[in-house]
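Below: a set of structures, written as C-alpha cells.
First chain A sits with chain B, and in the next complex the same chain sits with chain C.
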Partner chain A sequence: MLDLYSEGNSRLHTMKPGWKILGLAISGSLLFAVDNILFSIAFLAVTLALFAAAGLPLRRAWAQIRPVIWIFVLIMIAQALFNSWWVGLFVIIRFAVLLMLAGLLTLTTRSSEMIDGIEAGLRPLSRLGLRTRGISLAISLTLRFIPVLASVVREVREAQYARGLERNILALTIPAIVRTLKMSEDISDAIDARGF
Partner chain B sequence: MTTKDIVLIALFAALTAALGVIPQITLPMGVPITAQSMGVMLAGAFLGAKRGGLAIILFLALLAVGLPLLAGGRGGLGVFFGASGGFLIGFPVGAFMIGYLFDRYAGRPPLFPSILFMLLGGVGVVYLFGVPWLAVIAELSVWQALAASAAFLPGDVIKAVLASLILREVRKAIPNL
Partner chain C sequence: MIEIQNVSLTLDDRPVLRNISLSLSEQRIAIVGSNGSGKSSFARLLNGLRTPTEGSVRVDGLDTRKQARDIRRKVGFVFQNPDNQIVFPIVEEDVAFGLKNLGIPPDTRTEMARDILQRYGLSAHSKHPAHNLSGGQKQLLAIAGVLVMKPDYVVLDEPTTLLDLRNKLRISNAIDALEQAAIVVTHDLDLVKDFDRVLVFENGRVLADDVPNAALNRYVEAMLDA
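Take a look at the complex of A and B:
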C-alpha cells in the first residue's frame, strides 16, 4: 500500500499503534498544559532523540516541518509585532515538536496496522448496533477507489489535452465524476451479488 | 445503510483524495488553491447530510492513518496539528451542513441557492473551525487569524461556483442520482 511508512525494526516500529497514539495524545496535552519554553525545548531534544532511536536521519524530522516553514515565519512576524519575538519562538518550537512527533508516528507505523487497530477498536461497538463490517468495507473500497479515480482523472485529462481543455477544471471533473458514479452502480450490485 | 450507500460514501471519500491530484492553481497574490476542498462541497451536495459527512470523515481517517492524500502528497497525523488542522476538522461538519441544506430544499436548487449553500457549509462552517484553531496554535487573536485566512476566500468562492456547476452538469448526465 502507498503510505508514508519508513522501513525499520526499532522499538518504535514494533510497538503497537495504540500505544504510540496514546503517547502522542499525552505529549500534545503536556506541551500545551506546561506553559514553559524550557519544557518545550527539552521536549524537542527528546523528540529528536526518538527519531535517532527509530533509526531515522534528522533530515526526516526536518521534513516534517519544512512544508509549514512559511507559516512559522508568519507567526514569528505576527508575534513580534503584537507580543514579543520570545512568544513567537515558544509557539514555533511547540508547534514543531507536535508536527515531528505526529510525523514520527506516521513514519514508524504501517497504514494497514493503523486500519487494523481502528477495526479492532470498533469491534466492541458492534454490540451497540454499529455495523463494523460496513466500516471495514467502506475503508477497503476507498483504498481501492483512490488509484482507480486517479487514473480516471489522468485519462480524462489526456482526452481533454487533445481538445486543448487540459487546464479547464470543469472539463476534467465533470466527465471523471460521471464515469465513476456510473461505475459505483455496478460495484454495489457486484458486492450484493456476492452476498455481503 | 445499504451497500449502495457504503459504495457512494467510499467513492466520495476517494474522490476528495483524487482531487488532490489536479494541479493547483496559484492566484495572482501567490495563494495556492487546490481542488481538494471541492470534494467536501460535492460530497455534501450529492450525498446529503449523513452520507456526505461520513464520506469526509472516512477521507480524514485515511489521512490520519498515514496515507499521503492531501494535495502535495502530505498526510499522517501531523496535518491535523498543522496550521490548517482546524479546517480539516471542519470539513466533515461543512459537508454535513451542505447536505442538510440541500436535503431541506424542496426539489433541486437552482445555481444561485446552490452556490450559497456551498459557501455556508464549505466556507462558513469550515472557517468556524479553522480560524479559532489557527488562533490557538499560533497564539494570535481570532481577528488576526481571520485576516490571515482571508487570502483563501477568493479561491473558496471560485470553488463553490465550480462545485455548483459540476453538480448541475453531472445531474444532467445522470438524472436519477
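Take a look at the complex of A and C:
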C-alpha cells in the first residue's frame, strides 16, 4: 500500500474500495470456514484469474507470497512432523490465497481511495463518538512516515558509525526518538495548518 | 492586513517574543535574525498555530485566538522541512488533502491538484511516492499543497535552508510568482533583497524594520558586533 499501486483501468481498479475490502473479508472467512482442500485450490485458481483480469502478471501474485516462503516451509515441516504433509499443504494454500488477495487489493487501489473506503466503512461508528477522519489520517500518516522514519534511523546510524558507536544501541535509539518526537510536533502543526 | 498588537510569547517559562507591535500589509515581507531570535515562533503566530501569551494577532480583522480555524484557511504555512509537511504517501493525494479539508468534492480536488502540480513542474511525479522526490521537489510539493487551498497570505518558514543552489533558485522563483502576499522567514539574504520590507529579529524583539538594504545592513552589523 506504501507505493504498491499498479496503474490500470480494469474492473478491479475502478471498483469502489469498500466492495473490495468487503470481498477480501468474505473471501478470508470462507477460506478458513470451508474445510475442503479442493475448495481452496479452486479459490487459488480464481485468485490467479483475478490477477490476470486486473492486467497483472502472475509474478506479481508470486511477489505477494515470496517474502513469507520460509514461514510456509516451517509450517509444512511442523505439519508434516505432527500431522500430515497434506494438512500442511492445505494450510499453506489458504494463507497463500489470502496474501495474494490482500496484495491484489493494494495493487488495484490507491492508498487515498483505500483510506476513503475505510473512512466510509467506519462512518456509522462516528455516531458513537469515533473520529473516523482521525483514524483514516492516522493510517495515511503511518504509510507516509515509514520511509521517513527509516531514513531518520539510517542517518542517526551513519552518524554514530562515524563516531565509532556502532555497537551502542542507546546511541542509535535516543537520537532517533528525540528527532521523531520533534518531527511529530511539526507534523501536528502542519496538519493543523492545512485545515484538518 | 495582519495586525500584531503588543504581542509577547512565552514558551516553557522562556520569553520568546517581547512586546511586538506591527502592521503587515506589503506583498513581500522577510523576517531575518539569528537562531533562536523568535522568527519561527513569530511566523507561527500569523496563522494561529501559536497564540500570543499577551497581546493580539488579527488577520483581516479575525483574531487568531478566537478564529484560528478560519485564519488557517486565509494564511497558508510552508514549513522548513517538507518531509514534516507532506502527510500522504502519494504526491497527488497529498495535494488533495488540504482540499478535502475544505470540503471540495473528489473530482474537483483531483483536477485542482493536477493543475497546481503542472504549475510547479511535478506532473510527471503526481502518482509517485512523495518520499522518492528530491529535496527541491518536496519543497515545491509542500508549497503546492498550501497554495492549492488558495490562501490570501502565505508564510514560509526557511523554505530554502535544506536546498542546494539550483533548488534555492526554483523556490525563489516560485515565491516571486506568488499572487498572494508572502511572509518569508529566512537566513538566505539573497532571497529577500528585492522584497518590500525586511524585519530583523533579535532576542524576541524587532531590531530593524526597513527596506531590504537598510535592514540587512543593520542585521549584518548586529551579527558582527555580537
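Here, the second predicted complex is superposed on the first by the 138 of 196 C-alpha atoms of A that agree within 3 Å, B and C clash if a C-alpha of one lies under 4 Å from a C-alpha of the other, contacts with A are read in each partner's own complex, and residues count from 1 in each chain.
Convention: contacts are C-beta pairs under 8 Å (C-beta built on N, C-alpha and C of every residue); 3 or more make two chains touch, one makes a residue touch a chain.
Predicted, not measured: the structure shown is a model, and the values here were computed from it.
Of the two partner chains, chain B is the only one touched by A:Ile174; chain C is not.
Looking at the shared chain after the overlay, A:Gly134 reaches chain B, while chain C stays out of its contact range. Touch criterion met: A:Leu99 reaches chain B, while chain C stays clear of it.
Of the two partner chains placed around the shared chain by superposition, chain B is the only one that A:Gln64 touches, whereas chain C remains out of contact. Contacts of A:Phe39 after superposition: neither chain B nor chain C is touched. Of the two partner chains placed around the shared chain by superposition, chain B is the only one that A:Leu74 touches, whereas chain C remains out of contact.
Within the superposed three-chain model, A:Val87 lies in touch with chain B and out of touch with chain C [touch as defined at top]. In the superposed model, A:Gly195 makes contact with chain C only, not with chain B. Shared contact residues of chain A with chain B and chain C: 2-3, 5, 110-111, 137, 141, 143, 148, 187, 191-192, 196. On chain B, the positions that touch chain A within their shared complex are 1-4, 6-11, 13-15, 17-19, 21-22, 25, 35, 38, 42, 54, 58-59, 61-62, 64-69, 72, 74-78, 80-83, 137-141, 144, 148, 162, 165-166, 169-170, 173-174, 177.
Listed in rising order, the residues of chain A touching chain B in the complex are 1-5, 21, 24, 28, 64, 67-68, 71, 74-75, 78-79, 82-83, 87, 91, 95, 98-100, 102-103, 105-107, 109-111, 114-115, 118, 131, 134, 137-139, 141-143, 145-146, 148-150, 152-154, 169-170, 172-174, 176-178, 180-182, 184-185, 187-188, 191-192, 196. Within the complex formed with chain A, the chain C residues making contact are 44, 47, 49, 69, 72-73, 76-77, 79, 81, 83-90, 93-94, 96-98, 101-102, 106, 127-132, 145-146, 149.
By the touch criterion given at the top, residues 2-3, 5, 7, 110-112, 116, 137, 140-141, 143-144, 147-148, 151, 183, 186-187, 189-196 of chain A touch chain C in their complex.
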